[in-house]
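Consider the two complexes below, in which chain A is the common component and chain B and chain C are the respective partners.
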Partner chain A sequence: MTTLLPETDRGGGPGAHEEAFDAAIAADERIEPRDWMPDAYRATLVRQIAQHAHSEIIGMQPEANWITRAPSLRRKAILMAKVQDEAGHGLYLYSAAETLGASRDELLDKLHSGRQKYSSIFNYPTLTWADVGAIGWLVDGAAITNQVPLCRCSYGPYARAMVRVCKEESFHQRQGYELLLALSRGTEAQHAMAQDAVDRWWWPSLMMFGPPDDASKHSAQSMAWKIKRHSNDELRQRFVDICVPQAESLGLTLPDPELRWNEERGHYDFGPIDWSEFHEVLRGNGPCNEQRLDRRRRAHEEGAWVREAAAAYARKHGEQDGDGRTAA
Partner chain B sequence: MSAPRTAVLALGDDALVLSHRLGEWAGNAPVLEEEVALANIALDLLGQARTLLSMAGDEDELAYLREERAFTNVQLVEQPNGDFAHTIARQLYFSAYQELLYERLAGGGTDDAELAALAAKAVKEVAYHRDHAEHWTLRLGDGTEASHRRMKDALEGLWRHTGELFRPVEGLDVDWAGLDEEWTRRITAVLERATLAVPEGPRSSPWAAGAGRQGVHTEPFGRMLAEMQHLHRSHPGASW
Partner chain C sequence: MTTSEWPLWEVFVRSRRGLSHTHAGSLHAPDAEMALRNARDLYTRRSEGVSIWVVPSSAVTASSPDEKDPFFEPAADKPYRHPTFYEVPEGVRHL
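Showing the complex of A and B:
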């Protein structure tokens, strides 16, 4: 497998390869798994794709929390389908990481041992049914804002996975909006539930775009490699500009007294983000960090005997095992 | 002619309750592929439940506002998930039954065109559920010693709820004894391939009060309904 060779092990000398790689990036061409790529490019992509995959599977938890309590069968079907989509996104993304020579087992180990992160947004709790709507509208909305540019990312398998992921995320965002709209126009108690959820999810959603540009350690190189196409602050502004009119249509307010249209900039101004909260949650001190990781580890450990059985059966019968991979 | 309300409710409740139990797996499955598969089965069943309950009335009123004794699902589907082997054993027993029943309903077992159409559509979904359960029964039965033991325990533990599957449902023109025979033949064949024995022991409870079809359930069902219904009931008359 050529993909597993480090850059220095190829014939032709690294210089020629690097030139071809740089030219492909400059021409907006896709880098494919069998193409030469710098080790650091590969490492950056593995880190980013793994973090994205982990976010999908950890992100199942806060919403799955409401599947058994969904207040109508229609809502229950929508929510189950959404949580299932997230598992599917996890699958595509782990597969995309595998094209770079990583294995799903190794990435899961890194998640379980805390060596790789997932999006901090999932360290907040879903306290009411309206949180399901707020996650769809705001969290999935922020994710889409982040991810649509990734459909043009320079690494082919990641870009192609993102096309499908974004289509599904867009459905998730609309179901969240529609759920909140029903609550906002419902009884007084339902309206209050929706407002409370938006109050709690707004600021964490803005933090999803990552630290401000001047404090973001990975941004510049990723942009040069065309893995990332827009800066954190640009994307955050785009998201705010989209949300403000949507909040008005929902009949809900956003919890920021400084939010106002700036004619000169052509954008909404918004208040300062509490980055100390962001860093604390990132450090592991958020309301649900421990709970999310514990549950993930427990599911994995409790499932070990099942995976072992599938592998043993596959060895005996020469079929694909439960992970869908051919047994050794 | 339409099928009696009791018949569509019984089948709708089976699908609703099993879907709910499978939904409890979300985020807890042993491998990512099973997150997708279990959710898929849960969604198919929920879709069937919604069609069936809507034939009997308002789906949400029926799901959220009935008391435990008014539910007529078989006790098998309300059994807690347990470990993965229990979930697979429950699915194997139930899917094999549901596939055979839907085949018959699609092929003349009911005069109700709507019910026959639902059965004809759903039988394709259920064939996948059965296939999924069979594959896992083989892997767990013929996998490791530990998985064999767990699968055996699960099959035995749930065996006492299988007799109820073949009690006649009023209004359905089905040869229930023949259904039982075919079910037993199929289950026996799968278990043999999986190096597992067909459980021995009674297939139903001796209690004269009856079982799920009479609205008599097992203790875990009340807690399941409490969780499922609490939000809907907390906001009477609200739309969602």
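Showing the complex of A and C:
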């Protein structure tokens, strides 16, 4: 065997393979790229990991929008590091998808043609500097809540990518929180700007956990395969419970009149989510869907000459010096 | 020319002196030099490494998961390769 890529056609009856797969899942062992796996498991993972990767790189746009206008050099350096991290997250995830036999170009093509989705949260605009804070605190916060359990996902490469991502995300969330805190404790206008950003980002952040459990079509199978460890509603509740006291410390309110502690449940109750908005944005009718995809396609097309030049250079020099360096 | 025509590289990072390189992940790059640079930006943004290897994925020869049992079996019936196999009388020290 001379490849790390998955083998799709291997000897032995499918029965034995399926048994080995089921046993590995039951024993909480990880599935690795070259193991046999059901086609539907592979397809589910490719879809989920691709969507996750797309979200990371599209997510660079709303924040990058503020890099040139960051209010200080410190904030600018932080924001650049964060946006660069998100590019890295995209790359970890595309690599993970490739271990399943998907090709990078094919995935990008599906993003560009709208055949694969990205998280609908990134179709909202970043209207003020405070939005950078609200995104770090709420959007990265929701992403962390989603991603921590994915570190134990049954598919090894995805789980390992998530470990790396989660380590990096905590800085994202903290810088956002710190930014909002500075505004909240600032002038009246700054405080109002922070409050306005939180008001706009709160509900879309709750939608990031996906449809309610009774309407989520892929959830049950993904839980059985241990790709997913907790239901959408469970994670959403966990996020709300974490955020309420954090908002209090910020001196900001969350835009939900029904938000209150439920002694009996040991959780915060919260108001109904407007799922019609979620589906509208998902359908492509959010405030920025078109802008985000246009920008992505343009970046890809305008970068083509760089990719071509690098490949031409590699071809030319590969022929000349085949020596390389020794590993040490 | 598209990225998929750029070969895939496996990246190994030595996190500190005294430790061996471990697999960190993979990436696409047109040549080894660019693979190294990309690996630095992708896998060591927080000083995670002091040394990086990049290896074309196509150069890796891997054992097949299907051969798992027969391939690794020879080690299974040789418990005498482990120190715990041996009985040491009570009171004997530094052994």
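In this section, the second predicted complex is superposed on the first by the 309 of 328 C-alpha atoms of A that agree within 3 Å, B and C clash if a C-alpha of one lies under 4 Å from a C-alpha of the other, contacts with A are read in each partner's own complex, and residues count from 1 in each chain.
Please note the rule applied: a contact is a pair of C-beta atoms (placed from the backbone, for glycine too) under 8 Å apart; a residue touches a chain by one contact, two chains touch by 3 or more.
The structure presented is a predicted model; accordingly, all values stated were derived computationally and were not measured.
Asks: Regarding the shared-chain residue A:88, is it in contact with chain B (first), chain C (second), both, or neither?
Replies: both
Asks: Touching A:318, do we find chain B (first), chain C (second), both, or neither?
Replies: A:318 contacts chain C only, not chain B.
Asks: Pick one for A:306: touches chain B only (first), chain C only (second), both, or neither.
Replies: Only chain B is touched by A:306; chain C is not.
Asks: Of the two partner chains, chain B (first) and chain C (second), which one does A:121 touch, if any: first, second, both, or neither?
Replies: A:121: touches no partner chain.
Asks: Check whether A:148 is in contact with chain B, with chain C, with both or with neither, and answer first, second, both or neither.
Replies: Neither: A:148 stays clear of chain B and chain C.
Asks: Is the number of chain A residues in contact higher for chain B or for chain C?
Replies: B
Asks: Looking at the overlay, does A:187 come into contact with chain B only (first), chain C only (second), both, or neither?
Replies: In the superposed model, A:187 contacts chain B only, not chain C.
Asks: In the overlay, answer first, second, both or neither for which of chain B and chain C A:288 touches.
Replies: In the superposed model, A:288 contacts neither chain B nor chain C.
Asks: Enumerate the residues of chain A that count as touching chain B in its complex and touching chain C in the other.
Replies: 81, 84, 88, 91, 104, 307-308, 310, 312-314, 317, 324
Asks: Residue numbers of chain B touching chain A in their complex, please.
Replies: Where chain B meets chain A, its residues are 16, 20, 23-24, 26-36, 39-40, 42-43, 46-47, 49-50, 53, 59-60, 63-64, 83-84, 138-140, 142-144, 146-147, 150, 227-228, 230-232, 235, 237-240.
Asks: Using the touch definition from the top, list the residues of chain A that touch chain C in their complex.
Replies: 1-4, 7, 10-12, 32, 34-36, 81, 84-85, 88, 91-92, 95, 98, 103-106, 108, 160-161, 164, 168, 307-308, 310-314, 317-318, 324-325, 327-328
Asks: Residue numbers of chain C touching chain A in their complex, please.
Replies: 1-6, 8, 10, 25-28, 30-32, 34, 41-42, 45-46, 51, 53, 57-58, 60-66
Asks: Which residues, counting only chain A, touch chain B once they are in their complex?
Replies: On the chain A side, the touching residues are 57, 60-61, 64, 67-77, 80-81, 83-84, 87-88, 90-91, 94, 104, 129, 179, 182-183, 186-187, 189-190, 295, 299-300, 302-310, 312-314, 316-317, 322-324.
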